[in-house]
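Chain IDs A, B, C and D follow the sequence of writing; residue 1 opens each chain.
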Amino acid sequence: MSNTKIRVTLWNEFRHERTHEHIKKIYPDGMHKTIADALQKQGCITRLAALDDPEHGLTEEVLANTDVLTWWGHCAHGEVSDEIVERVHRHVVERGMGLIVLHSGHHSKIFRKLMGTTGNLRWREAGEKERLWVITPGHPIAEGIGDFFELEQTEMYGEFFDIPTPDDVVFISWFEGGEVFRSGCCWQRGKGKVFYFRPGHETYPIYHNANVQKVIGNAARWARYAGNATPNTCIWAKDPLEKLETGV
Amino acid sequence: MSNTKIRVTLWNEFRHERTHEHIKKIYPDGMHKTIADALQKQGCITRLAALDDPEHGLTEEVLANTDVLTWWGHCAHGEVSDEIVERVHRHVVERGMGLIVLHSGHHSKIFRKLMGTTGNLRWREAGEKERLWVITPGHPIAEGIGDFFELEQTEMYGEFFDIPTPDDVVFISWFEGGEVFRSGCCWQRGKGKVFYFRPGHETYPIYHNANVQKVIGNAARWARYAGNATPNTCIWAKDPLEKLETGV
Amino acid sequence: MSNTKIRVTLWNEFRHERTHEHIKKIYPDGMHKTIADALQKQGCITRLAALDDPEHGLTEEVLANTDVLTWWGHCAHGEVSDEIVERVHRHVVERGMGLIVLHSGHHSKIFRKLMGTTGNLRWREAGEKERLWVITPGHPIAEGIGDFFELEQTEMYGEFFDIPTPDDVVFISWFEGGEVFRSGCCWQRGKGKVFYFRPGHETYPIYHNANVQKVIGNAARWARYAGNATPNTCIWAKDPLEKLETGV
Amino acid sequence: MSNTKIRVTLWNEFRHERTHEHIKKIYPDGMHKTIADALQKQGCITRLAALDDPEHGLTEEVLANTDVLTWWGHCAHGEVSDEIVERVHRHVVERGMGLIVLHSGHHSKIFRKLMGTTGNLRWREAGEKERLWVITPGHPIAEGIGDFFELEQTEMYGEFFDIPTPDDVVFISWFEGGEVFRSGCCWQRGKGKVFYFRPGHETYPIYHNANVQKVIGNAARWARYAGNATPNTCIWAKDPLEKLETGV
């Protein structure tokens, strides 16, 4: 495991924060800036990128220098170019870039492409209470979190959540209104790791919460690539490793 | 579990069998016809569909009357229309249609869309021997298969196979030339079940093999939808099931 | 898949129902009898067995004629003989007998032996409301169940539930008092399938609930062995299947 | 993630190396010493323990100061005391001590207790060639390993290997004699991580192999506890977190 600093790029749709006064007050420089500040304190090198940047801020060069990418989108999923989605996908599955998808990113093009499912879920915006229970206490993403943590006011996401069976489920949420949700889910895709983390509605100060910040930092450390260096391509293994008796 | 007969649609690119004399001799009416005959003997209702049929033979009406779809493609993946791929995908994840992807279908649009990965692998065509070991002997797809079965001459597919961690791995193959491969893999996607089954190169009489036919029949029974009837959509759960104290 | 009837043996500690008047009223012949009646209506052949029967009612002959065993225990886990636990374990992992562990069976010797973990959990007996959400709608154990079902009054079980990561989670419970729980969990153990189903406290009429009965019937059909017939033993494969070049 | 050094205790049956001249030549101070030397070079703090030490060298104090325990046993599994097995089990599931089980440890009491299965497999001792393929190239245990690595002469272990479905499979082995095997498998058990690694027969210099040493070091880093600090016990949550409407 490398001891060099993790390079995290924080991608944000960055529209709500510029158009809604209430949200601007919570996140004057955008949700991605708030998360970036928290990750810097945890020792990460951070970079911001947004939908309205050229190439959405995700040039080949930026991605090639990104260990872990976080993704927040909501109202403008359709404006993300398919070409950039292909590029991000390639960096995840072929190179092993980690991806942390936040909250309403469940419907983003990149998440649906990596999952193969719709990402559909049940939802309600009523400012209710959420309690996230740790169900895999030995998981590195749960490091430093107790049995559970609470968010006083959140948008509700409920099951059935249309995702493939996760490799690990770290958190399950309880909602005051009667629903449950798999709120922290891990998957391997090619050489890359993907973490979906539910909290994050733009109208509440979720990304200022210390537990939320800790989980995102843990996830960045978990998602960093640490496998083998062989390219993930189709390989014509013309010459067998062993002598064939029956072959032609 | 319903006792009515399973309706299986067998989709085939159906090009090799019409253009190559050697292959035509093995599969005069196409590989899909050989598989269909075997499934009929196992009590299934079958229907054939091919790339060059109108709408590739996969109209809304055909799919709506299909419990399980099998997919064989190789040289013409790119000719499959994106619209039909979307349609098949929808029937799998939203309605629970089972999907059995065969051999070179690992690179088909529908498989890559459902997996979220490249489907890349290692390969060699040298007519070598393959031995498929059962690693989950209690799995319904292994019903009636012994510890292993052999194929005297096959194309080789080797790891790393770029797929998401399967929910179940039923078979692992040993190849004479020195490779191994996860040859029978199960995934849930939305309401639907997906099974990938490796055997099947067009230049060998693989689909005439009794064990191969038995596995495909087992897989059809396993993949048939047997869950709940609720649509898989996003649901606005406006009214909470419980009274909110903290909500707005 | 066999069409012969499933032979289910219902094992019950059967103490509470004989010693507590309130419980006797709900289950005059024991909880196992109530479940057996429900399974018979679903086409199963049933047999009752109890802790105080000779050999706990689980002789070699009984087990050899059992496709699926259900297990309910609570206050007398320690009175179950280790020899019978070994016997049940052997029938599950070596022969493929299905096992359905109910409610407080999470601390039974057989469940802990099959899981390798403590089965510890959080609990409270306050007669609160439970809502079981289906999170795998295509799973055969969820057949005929809607998005969720409710139990008006239950004992609470909450996370962290110390079990190995399940192969499938079918239900997650929401509790009025603020907890969540993985209430329907599937595992493969050797040739056998194991299902843990949470509902069932003895002081409430849980096993009279139509949804609970449906789920147990679904689980019995799912857990029935349908794999290959090879014994699960260590095998000395003295003679290699292939000629060795480098061997000694 | 802590940057302090990992404390690894290497447990060895340590009988073969003292009684067989051929084996003594390969491992003059025991296989555990060879592995310990390799781990020290990778920055671990190591300690040796053996069956014939008092309490098998695994006192409460030793375990309480162990982050990761490795286990090698073969001919004397039955001589390991049940009390020590319980103790090791408790440190894994309740405290989160990592456990790396090597080769013939598949039949050790502690492995079978943690798995819930028999650990049975197919085997042959003929000095044949083994090739371990990486099937999860993004896994930290595969760090620095290429597409595969080879062992020129090994004992063969083949499927069916009676283990629960692993959370991750890192390596699948190809054997010259015709078998395959899941040679690197990961499981979570309670708060602890378990890794089974196949290579290691005592009559070959397997633990001198650089790739084998690298994998064991990677596994030690992966298995170190990094979750939350809450004890893994049953918790009587007498007072609900939320006010009950329907409770009693």
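Just so we're on the same page, a contact is a pair of C-beta atoms (placed from the backbone, for glycine too) under 8 Å apart; a residue touches a chain by one contact, two chains touch by 3 or more.
Bear in mind the structure is a predicted one, so any value in this text is a computation, not a measurement.
Chemist: Report back the single chain whose CA centre is most distant from the CA centre of chain D.
Modeler: Farthest by centroid: B.
Chemist: Taking contacts as defined above, which has more of them, B-D or A-B?
Modeler: Greater number of contacting C-beta pairs: A-B.
Chemist: So how far apart, in whole Å, are chain A and chain B when each is placed at the average of its C-alpha atoms?
Modeler: Inter-chain centre distance comes to 30 Å.
Chemist: Please tell me the distance, in whole Å, between the geometric centres of chain B and chain C computed from their C-alpha atoms.
Modeler: 31
Chemist: Could you put a whole-Å number on the gap between the CA centroids of chain B and chain D?
Modeler: For chain B versus chain D, the centre distance works out to 36 Å.
Chemist: In chain C, what residues contact two or more other chains?
Modeler: 131, 134, 136-137, 147, 158, 160, 165, 167-168, 176, 178-179, 188, 190, 230, 232, 241-242, 245
Chemist: Given the complex with chain D, which residues does chain B contribute to the contact?
Modeler: Listed in rising order, the residues of chain B that touch chain D are 131, 133-137, 147, 158-161, 165, 168-169, 172-175, 178-180, 182, 243, 245.
Chemist: Where on chain C is chain B touching in the complex?
Modeler: Against chain B, chain C makes touches at 1, 3, 96, 131, 134, 136-140, 142-147, 167-168, 176, 188, 190-193, 221, 225-230, 232, 241-242.
Chemist: Touching chain B in the complex: which residues of chain A?
Modeler: Residue list for chain A touching chain B: 93-94, 113-118, 120-124, 126-129, 152-153, 156, 158, 160, 162, 164-165, 167, 176-179, 187-190, 230, 232-238, 240-242, 244-248.
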